[in-house]
Amino acid sequence: MQVVIWNEYRHERDDEEVRRIYPHGIHGAIQRGLAAHGIEAQTATLDEPENGLPAARLERTDVLFWWGHIAHAEVADDVVDRVQRRVLDGMGLVVLHSGHHSRIFRRLMGTSCNLAWRETPGGERERLWVVDPAHAICAGLAAHVELPASEMYGEPFDVPPPDELVLISWFQGGEVFRSGCCYRRGRGRIFYLGPGHEAFPIYESPSILQILANAARWAAAPHGGGSRLQVINRTEPLEPLAGAPRPGFLHEQAT
Amino acid sequence: MQVVIWNEYRHERDDEEVRRIYPHGIHGAIQRGLAAHGIEAQTATLDEPENGLPAARLERTDVLFWWGHIAHAEVADDVVDRVQRRVLDGMGLVVLHSGHHSRIFRRLMGTSCNLAWRETPGGERERLWVVDPAHAICAGLAAHVELPASEMYGEPFDVPPPDELVLISWFQGGEVFRSGCCYRRGRGRIFYLGPGHEAFPIYESPSILQILANAARWAAAPHGGGSRLQVINRTEPLEPLAGAPRPGFLHEQAT
Amino acid sequence: MQVVIWNEYRHERDDEEVRRIYPHGIHGAIQRGLAAHGIEAQTATLDEPENGLPAARLERTDVLFWWGHIAHAEVADDVVDRVQRRVLDGMGLVVLHSGHHSRIFRRLMGTSCNLAWRETPGGERERLWVVDPAHAICAGLAAHVELPASEMYGEPFDVPPPDELVLISWFQGGEVFRSGCCYRRGRGRIFYLGPGHEAFPIYESPSILQILANAARWAAAPHGGGSRLQVINRTEPLEPLAGAPRPGFLHEQAT
Amino acid sequence: MQVVIWNEYRHERDDEEVRRIYPHGIHGAIQRGLAAHGIEAQTATLDEPENGLPAARLERTDVLFWWGHIAHAEVADDVVDRVQRRVLDGMGLVVLHSGHHSRIFRRLMGTSCNLAWRETPGGERERLWVVDPAHAICAGLAAHVELPASEMYGEPFDVPPPDELVLISWFQGGEVFRSGCCYRRGRGRIFYLGPGHEAFPIYESPSILQILANAARWAAAPHGGGSRLQVINRTEPLEPLAGAPRPGFLHEQAT
């Protein structure tokens, strides 16, 4: 399983407070966390050539993690295009926190992906409730996951109805959020996870890392081939067409 | 209810055979068909200024029908943008036949919308089976709708799993197709209907017109407001945040 | 639209505290609340003959509301049978609060309908968030509904994944709950609403009554006929079967 | 993985024609087919004590296959109860063909599970189209599966909307059918497969056996525990309830 963790990697370089929390970048923290679950992952960042995601690399990638926030617009058109194509071809995609507004997530969802949010100096408690305990992404989790300090992301969340809703968050300030959403698109699987603000060490949480490891395995499952669902011109019918009426005549019969 | 029927309107002008079937254009046939159901609709076509869909007009539109085939690429970027925005704001969208590959449908679905297809000289029988007889879009239909001559559209159809699947087509040549698919996106409702090839008088079929009239009413239902789901910065919590731990400390507790 | 509000009607007779809150029974409060929305409803209670739901009455009912708690087991087998049948025939069903454990709801869901709960002397705040603002059941609601005192119902809620999830509740004590769930079953529509404990005047809340009025209209929508989806023996094929191979021979061909 | 194949096992004993097709019973054919995929399965039949499914055995079962037709009513109440309980606890269930009308499937679906059908002397062609090629149940399949002789099962099929629809059947006689339907219920997974009439050697088809092997693995996936979703009385709130207003007072605030 080839996993690549993509990170915008700006906050950690530009903001001392964030750097203290994530000295090796958010991607580094996730990489270490996945390793503890036996998943070797590589990393890629926005400011590398081709945004760190040249075509040949994406071709070998089974699951791509995506964290971005302030520089969504800097991701190149053709990178967005090829990531979308790879997801439809079967690559898994795990979108994290503010990645809800990334170009690739909006592209794949077709909606604004808007939500309500609140950042408070010390953060607030977030509690993720497992609403589908039997789901592979919830394996090994307790009934809920506690985050003592988090940024609030709340409803309404303008995404398509999830194909599978596995986590719902409670916030101390009074809101709720569909924080664990699964989608099937083409041959690919997409998972969105709500928490992950750069100002809190969310990706040090053992339960969050458990979710991410589960999500990597869930999203990377072999998906019946490797090529995108194609346009197929089936010129030869499977059954004889004799007896088909001529066009221009329309008759309806109903039972 | 303000309904606008958008048509590419090229086949009918360039191809004598098609013109004979749709002398007033596909949009004209649908317009007449909806009128028989008490729905007054206007029309718009690709070659009008702003592709017939200036912003002010879209603002007043409750439901937009969309038929396109050979000129998808000619629809302007900002027209696609504003139709998407209006759908997310609550405008209904009914996408017809080869509109599966339109820029607006692909934009809203996030997938390739590829499918299998076959065009044969005289066409072949298509039979649409009602799989959700209680759905508003199926009101007044018999158990199935017969089209004596149609173009084959078949699986796999690369769309997100429909939020509601109401029609499945049987084809004489041996294929099946999810030909009636409902989606909720933002505040809007989207319906895709499979049959509608320009070489067959599909839009003269009373049952197809019944479906279209039902779809117009279903998609135009008032959707709780009028503005898109916004980014909301809820700076003030609804509940007191006293007692929230400081960031940098992470503790988990599970039951 | 014929609406019948069914109530177990035991707490209000046996418990003075509850009687003070609902002097005319929970059914009476809902009846009055719906009337204010222009919906004339009748009532039925457990201790009436045939549990208040003789077959002839159910036949005329478009939407049935259901509130029960301590006497689920006293609802007669044939009443459960015929309510299920009527729902599959197209009657709407609105299940309230502790009705999650009613025989009819468990019958229609197929699951245990278990959940987590907590009753505290003064109750706790519940806040219902609208997660699908465009849904008919949320018409006229603000972004959220506040209930200052409620019983906690929490996840995991052992129901099938809702066909449409429209409300999620936040509880002061730290839980979340899928408190507004829509289901399509047969020709019928089912809505489950979480809040409604007998010790709190939930059914005096204008917003809750708005939800119930919306739900009545949503669930009562004409559903394409009136009879249940039948077993149909389609002895006559719609297409010729000539050329079908004989049984005992099996050949597969794939493309 | 403990797999048990349950079969009514009446046709094969009472009807010489069926016995010729399935000399070791339908359960025997499936057992042999799964073995070729490396899955060791046991069998159980209706006329064994406790219908072959004593509680201790079910406790050890990860996936149960179910084939029944003319003797659904002979399955004992407590067997149906305990199979349902085990599914909600996480046991997989694969329901085959006429098992759509089994007590256990109707129990778990909550609907009539009625459908349209036609039996013809020589049968008719059925072609199962893969509509979700990336699904685990479709692994290794071609674009479609051909059955030269089958019994027609057609729409409308009165089941809840499938959580995942993976196969749709085309019939020579003109019908379609949602023939591969996935459901999540409690901790369990349920798969329904349409074809499997006793008069045709459906369970000798390599592709059908591939589907069944895939379904066994999909349904048996470990589902996060082992016990059913319980009623939980969470007497202790996770958050302080101080400041909760007293009952009897109701105030609403909306934004």
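Letters A, B, C and D mark the chains as written, and numbering starts fresh at 1 in each.
In this text, a residue touches a chain if its C-beta (ideal position, glycine included) is under 8 Å from a C-beta of that chain, and two chains touch if they have at least 3 such contacts.
Computed from a predicted model, the values in this text were never measured in an experiment.
Participant: Give the chain pair, either A-B or A-D, that is connected by more C-beta contacts.
Facilitator: Looking at contacts between chains, A-B has the larger number.
Participant: Just to confirm, which listed pair, B-C, A-B or B-D, duplicates the contacts seen in C-D for more than half of them?
Facilitator: Among B-C, A-B or B-D, the interface that shares over half of its contact pairs with C-D is A-B.
Participant: Measuring centre to centre with CA averages, how many angstrom lie between subunit A and subunit D?
Facilitator: Here the centre of subunit D sits 31 Å away from the centre of subunit A.
Participant: Compute the distance, rounded to whole Å, between the mean C-alpha positions of subunit A and subunit B.
Facilitator: 26
Participant: For subunit D, jot down the residues that touch at least 2 other chains.
Facilitator: 125, 127, 132-133, 141, 143, 154, 156-157, 161, 163-164, 172, 174-175, 184, 186, 229, 238-239
Participant: Of all residues in subunit C, which touch subunit D in the complex?
Facilitator: 21, 84, 88, 107-112, 114-118, 120, 122-125, 141-149, 152, 154, 156-158, 160-161, 163, 172-175, 183-186, 199-202, 204-207, 228-239, 241, 244-255
Participant: Once bound in the complex, which stretches of subunit D touch subunit B?
Facilitator: Of all residues in subunit D, those touching subunit B are 127, 129-133, 143, 154-157, 161, 164-165, 168-171, 174-176, 178, 240, 243.
Participant: Mind pulling up the subunit D residues that touch subunit A in the complex?
Facilitator: It is residues 90, 125, 127, 132-136, 138-141, 163-164, 172, 184, 186-189, 221-225, 229, 238-239 of subunit D that touch subunit A.
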